[in-house]
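After this come two complexes, each holding chain A, first together with chain B and then together with chain C.
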Partner chain A sequence: MRRALLGLLTGALLLAAIAGVHRAMPDITRRYAPIATDGEIGREVDTTAFRLRVDRMQVARTVRFTDDLNLPGPARTTRGVWVVVWATAAATTEALQLQGARLVTADGSAYLAASLRDTLDKADLQPGIPAYGALLFEIPADRLAGARLAVTPHSVAGLDLLGPAADIDLGLSDAYAARLLREIPPSLTLREVRTL
Partner chain B sequence: MTWRKNLWYGLALLILLPVAIGARVLPWRERYENLTGKGGREAVAAPGRTATLNGLEWRLEGVTEGRVQEKFARPLPPRTRVAVVVTSVRPLTAAASRWFAQDGGAQCKFAVVDRAGRRWEPSFRSDLAPKTDHAASCFRLDAEYKLQPVPVGQKLTIQNAYVVPADAFPTLRVEVRLRPDPGTVRLLR
Partner chain C sequence: MTAPESSPAGARRGPLRPWIIVTAVLFALGTVLALAWPAGGLREQRDEVPHRKAGQTTTGHRFAIKPYKPRYVTKDPGPALGDPKPGRFLVLEFDVRNVGHDTASVTHLAEDLSPVLSPGGRALDRFKDRTAGFVVRDAHTDRDQLQPGLPERVMMVYTVPAGLPDPTNVTLTFRDHVYQAGFQTDLPEWLPGENLAVYDLVVGR
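What follows is the complex of A and B.
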């Protein structure tokens, strides 16, 4: 009798453990998510496929790129704000692009880099040949505080399953974000990506 | 007696587990190789020698340093050099001859690799190497720009230019990944 009870109890415990593990198991998106290396402004992040160092961050109401002759192009406006992240990046072993550059805001929304030419996410990065340029994001002004930079090689998440990623803390505290918005310049002139 | 019985179970597990894993993984490995062109068979040519794979005989004809040909062209990135790589390929079988007319050059991918394992693909710039009548990849076009097979025994010479860091230049070797029958040819220098 005692043995039967013990067996029953063990079975119940095992079932509960299985249910617990099943519940605690992350969903498929999280299980196969890119493997991110954390970083912050000024510190180089070394993933298996690329190196990335965010040098500084700015915000602006409009941006314009200079052309090959250093003449400013047309102003690009936004209903929110432009977040300009200046970074240096290089591939480690094979050529790639950082098309999956996203600004992830505090509420979990992810803003893909703006589809403009001459930004770092559109550049072909080659091993041993670092490139410096801007990553450009268009976001609502009230979502600036707490935003982080997440970078993967592809814009389609399914192509980066368990792949390399960088997750950069931009240091955008509430106070700092408010100050950036208070002192926001009307326009920023950006240079195209250059190799270093 | 019990431990002996358990031993048999253990041994059976040791055999069955790798078989089960293999049965799941191997079909995916084949798909991965077909999709990426990585893996498959390999052929390596020692310096000055040929390598044969899938009925194709490959040879590295030479690696020279190129320079920007036009006076006002975009400058090269700092601390880089141009490697002009000339490779030749000769079909040895009828199937290999037809392979050239299959996919407009997408059936082979050229790259150079340095001693550290860093890999560069050909530059799109046309002003880095002298103009020649060499092909740019594994295909030959007729007068109407249609793909045509390379006759058995005839050599197709291919030229590509690569922009690589200066420190990589001395140790570059050439790598050609082949499709649809996946394979890699490595040409040493």
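What follows is the complex of A and C.
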């Protein structure tokens, strides 16, 4: 009888231990997430594959792209607001693009950079040759506060599992986001990406 | 000294012990549940897919759509290059809202739409028959992203296959997309879901 009780108790303890380990494990999305290097505006982030420095951030109601003669084109509108992140980026060892540039809002939604032309995420970055340009996002105005910039080389998340990533705090507190929206300019002009 | 006499085969079999029966029944039940759970568990099967009309909204896990009255036109409304070419086109327009948590595209939406033409009963193929799909904005056709929480007007253009009469009606099935673990990995991804609605649409000219 005593042995049977001991066996039951051991079994229960083992089950509890298994359940505990299972609960303590991060979920599979976090286990395979890109390995992010944290940063903030003005500070260069060095991942294994690329370096990135966010220089400044702006918001606007519309954006215009300059043409070959450097003249602004027609206004491109959005149902939300445009978020323009000006950054300098370079590859470290081999050429790549930063197609996985996303604005991640406080509610966890991820906004891939806009599929319009001439932005930094579309540029071919060469090792050691920095390029300067804009990353362009459109988001609902009420999701601006708390948004962060997450950058990986690929737009398909499955290609960046355990890969290099930069996670940049844009400093968008509630008060700062509200001020940006209060003072939002009607339009911003985006020039093409240039190498430095 | 003699070797012990071996017992004849089956001589040790007696009546099954109760705990073996209970274990076997529990194992069988557990197996059934483990197989049934991924397929929706023991919930009651969904009722028939609802039929809707133009202007009515259907919300899934990735998109909410409100289709407008389709149009049959003889000039391509979304040419990739140059002037509109003549032809036979079916134009579907929607108000679309991305209700998911990440950026989607008009191509993703096209995966969820299955139009069938009447007369003829011919299903349009999203690869072979769809000639364009874009966000209607700023008089351009170069945008295809659907961002979470930002409603957009979307146009899909299909060619009407040769040999079919001019369409008068379209039956449009709208399927869901769900974010869940895939078949080959436990990493979640967007996978096709159930049919959410069937739109019975009259084609305008």
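Throughout what follows, the second predicted complex is superposed on the first by the 183 of 196 C-alpha atoms of A that agree within 3 Å, B and C clash if a C-alpha of one lies under 4 Å from a C-alpha of the other, contacts with A are read in each partner's own complex, and residues count from 1 in each chain.
Simple rule for what comes next: a residue touches a chain if its C-beta (ideal position, glycine included) is under 8 Å from a C-beta of that chain, and two chains touch if they have at least 3 such contacts.
Keep in mind the model is a prediction, meaning the values are calculated, not measured.
Peer 1: Contact-wise, after the overlay, does A:195 reach chain B, chain C, both or neither (first, second, both, neither)?
Peer 2: first
Peer 1: Return first, second, both or neither, reflecting whether A:114 touches chain B, chain C, both chains, or no partner chain.
Peer 2: second
Peer 1: Figure out whether A:94 sits in contact with chain B (first) or chain C (second), or with both, or with neither.
Peer 2: first
Peer 1: Given the touch rule stated above, what does A:139 touch, chain B (first), chain C (second), both, or neither?
Peer 2: Second partner only, chain C.
Peer 1: Given the touch rule stated above, what does A:79 touch, chain B (first), chain C (second), both, or neither?
Peer 2: It touches chain C, and chain B stays clear.
Peer 1: With both structures superposed, pick whichever of chain B and chain C touches the larger number of chain A residues.
Peer 2: So, of the two partners, C touches more residues of chain A.
Peer 1: A:162 in the overlay: touching chain B, chain C, both, or neither? Say first, second, both or neither.
Peer 2: In the superposition, A:162 contacts neither chain B nor chain C.
Peer 1: Please give the residue numbers of chain C that touch chain A in the complex, ascending.
Peer 2: Those residues of chain C that touch chain A are 101-103, 137-138, 140, 142-145, 147-152, 181, 186-189.
Peer 1: Provide the residue numbers of chain A that touch chain B in the complex, in ascending order.
Peer 2: Per the touch definition, chain A meets chain B at residues 92-95, 126-129, 195-196.
Peer 1: Which residues of chain B touch chain A in their complex?
Peer 2: 77-78, 80, 117-121, 163-165, 167-168
Peer 1: For chain A, which residues count as touching chain C in their complex?
Peer 2: Chain A residues touching chain C: 28-29, 32, 74-80, 102, 107-112, 114-116, 138-140, 143, 158, 161.
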